[in-house]
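Each structure below is given as structure tokens.
In the two assemblies presented below, chain A is common to both, partnered first by chain B and then by chain C.
Let's turn to the complex of A and B:
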């Protein structure tokens, strides 16, 4: 059986694209922090832990929130069968630099556990799992650019093997004010749903063009 | 389905530059942890397990110019090179894929503003490209950064990718180096032990960090197997406990699910497991959680150890070097004691290995847990066992 994209979301500067259409834009708030805040408000996200997250986690988290809105069927699944498989380019290097600033100057040495914990790229997956209680397969892959062929091969393999029944997957990256998240909710196809897009690299690459 | 054979391996750590050197030290109960006050690494005395820099550079200079590669790249290239020398695999061919695991990669470059490398070299993909270029591989490598479970995830991913038959061989290599970055962070968490760590012990008070690299070569090509009864990969799984980004679940549910899913994939329906290579970081919470997961899986009778008191916690290498030790425990039919463990300090009566023992070992389960709520397990056995 085929695995299909139930919904997808792209968050990039000034724009949120959902299933191919611009769903929200805010050109008055071009700066990352202000735009994330605008998204948080617009999509009525209510999650105080969000404000503790670093920039990479924030963009990955918000894109996931948008993808899952209106997809309550995911909550009916066994949480152990929902996976989160993400890829990124710059790991947690943005927060790594911030953390390094706290240990660089020996006269002003203040390593912070609250910053240090975000020096791991897979913590964005942890944040998404905690929010949604997902307990399935979770891996953070690193590649210079989004590799739709690899991600679709890998995620389809997990779905076909029965290890998971659904997956939040795609790309989330942040470095120095530059950001992009492209997240897909992928499920096993159901007969009664038409017009679903198969989770294959040729289609994925078209959607994110 | 094709069998996934383990055909070669290597460990580079404070205890040596080959799997054999390392395993001999483990059998002798010798730890590579020592105390340092090197101001480049720490602002207060630190127990740490470090790779011998002099030997690293002199061994590496036989292959290439040491100044062209970072510390971690040198360790990875030497490790892969040694593992490859045990096989007939040509790593430049298209049937061989590289899978890397590292938590922090070339993080030492972030602390040295005058380093001689390209500014991109700090990125994990740039590091794996550098290693792959050395071996003239033209296939895009896979890179995993999954906190402390990275090494197991890399093995599981490599095996998963072999199943769809696109590749015949996977070279899994993982590692991390120690610079000031990681120890200072764990110290800020008050998670670092003053003495060499004591996994599962009543007086454990935190982790000891280490550096190192491990390599395991997996293959579906039976012709590359040299032994009559080789060790094969049977199954593996990664889960999340969805509890807290920097603390394990109290119940052990995430790790239990990883164990259950792993044994399901392996087709292992009984609890006849000869050995569990635990994560055993020696933090109060981790070891306690682990004991609950092992009990939940009804594996509390199985001998279990943690090797963190030999090598320290080597982050991206840990899962791999601990699996290599498991493979050698099978090959040499022996169980390594948990150094530093004397008084049982977890709530479940799991069977911690106290003394080195020679006994039949046909299979083992490897477990790991880490920040971000991640948990993983992998299961290996002899070809003629289950």
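Let's turn to the complex of A and C:
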């Protein structure tokens, strides 16, 4: 049985694409934080902890919210069987640098706990898991660019082995105001669902072109 | 005291990124943790840093934070006490 993309979302500067169509755009808020807040409001996300997240977590979190919005079936799955497998190229370097700023001056040495907790890329996965109560396999791979072949191999392997039944997967990256999230909800194919796209590199690469 | 209470509220909103919360929205005597502003353990650590950075007050034992950070008023009273 093949694994399919039941929904996907791309968040990039000025626009949000859902299943191939521009779902939201906002050229009035070009700055990252303002655009993320516009997305948060547009999709009526209610999660105050969002505002405490770092830049990387915000884009990954919002893309996940959009992918899972209106999906009640995911809540019925065993939480231990929903995975989150992500990839990015700049890890958590944006927040690592911010944290370093709080400790580099010995005369003004005030390490920030709230910044420190985001100094790992896996934390974006943690935020997604906490929000959705997912407890399945999760990891973040660092790569120069999104590697559809690697990700599909890994995620399909998890699904085929029965370790997970569904997975939020893809790419989420942030560095110096440049960002992109491309997240897919991948599930085992169901007989009553047609037209879903197979989670294979050739199809994934077509979607993100 | 009123001036200090307002200042603390503004600082708490700033360091804890309390979006869409105004100083007037924070009840001076309401619990900050749990039902109040819904703060968590990381926020508690950030409040310890705030006291040290803004007021030069160092809390040696984080356990003391539970009493000090009960409400905005208890923070203000603690600062006033330390100033003496």
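Note that the second predicted complex is superposed on the first by the 209 of 209 C-alpha atoms of A that agree within 3 Å, B and C clash if a C-alpha of one lies under 4 Å from a C-alpha of the other, contacts with A are read in each partner's own complex, and residues count from 1 in each chain.
As a convention for this text, contacts are C-beta pairs under 8 Å (C-beta built on N, C-alpha and C of every residue); 3 or more make two chains touch, one makes a residue touch a chain.
Bear in mind that the values here come from a model prediction, so they are computed numbers and not experimental data.
S.K.: Quick one: chain B and chain C on chain A, clash or fit?
M.R.: fit
S.K.: Which holds for A:122: it touches chain B only (first), chain C only (second), both, or neither?
M.R.: first
S.K.: Is A:112 contacted by the first partner chain B, the second partner chain C, both or neither?
M.R.: A:112 contacts both chain B and chain C.
S.K.: On the A-aligned overlay, A:147 touches which partner chain: chain B = first, chain C = second, or both, or neither?
M.R.: A:147: touches chain B, not chain C.
S.K.: Contacts for A:21 in the overlay, against chain B (first) and chain C (second): which applies, first, second, both or neither?
M.R.: neither
S.K.: Counting only touches as set out at the top, which of chain B and chain C does A:89 meet: first, second, both, neither?
M.R.: In the superposition, A:89 touches chain B alone.
S.K.: According to the stated criteria, A:137 is in contact with first (chain B), second (chain C), both, or neither; which is it?
M.R.: first
S.K.: Between chain C and chain B, which one touches more residues of chain A when both complexes sit on the common chain A?
M.R.: B
S.K.: After the superposition on chain A, what angle is formed at the C-alpha centre of chain A by the C-alpha centres of chain B and chain C, rounded to the nearest 10 degrees?
M.R.: Between chain B and chain C, as viewed from chain A: 80 degrees.
S.K.: For A:51, decide between first (touching chain B), second (touching chain C), both and neither.
M.R.: second
S.K.: Between chain B and chain C, report the minimum C-alpha distance in the superposition, expressed in whole angstrom.
M.R.: 7
S.K.: Per the definitions at the top, what is the overlap between the chain A residues touching chain B and those touching chain C?
M.R.: Correct list for chain A: 111-113, 117.
S.K.: Contact residues on chain C for chain A in the complex?
M.R.: Interface residues on chain C, with respect to chain A: 15-19, 38, 42-43, 45-46, 49, 52-53.
S.K.: With touch defined as at the start, can you tell me which chain B residues reach chain A in the complex?
M.R.: 43, 103-105, 107, 110-111, 122-126, 140, 142-147, 153, 157, 160-161, 163-164, 166, 180-181, 184-189, 237-246, 253-254, 257, 261, 265, 370-374
S.K.: Where on chain A is chain B touching in the complex?
M.R.: Those residues of chain A that touch chain B are 79-80, 84, 89-91, 93, 96-97, 99-100, 103-104, 106, 109, 111-113, 116-117, 119-123, 125-127, 129-130, 132-144, 147, 150, 153-154, 157-158, 161, 163.
S.K.: Of all residues in chain A, which touch chain C in the complex?
M.R.: Those residues of chain A that touch chain C are 48, 51-52, 110-114, 117.
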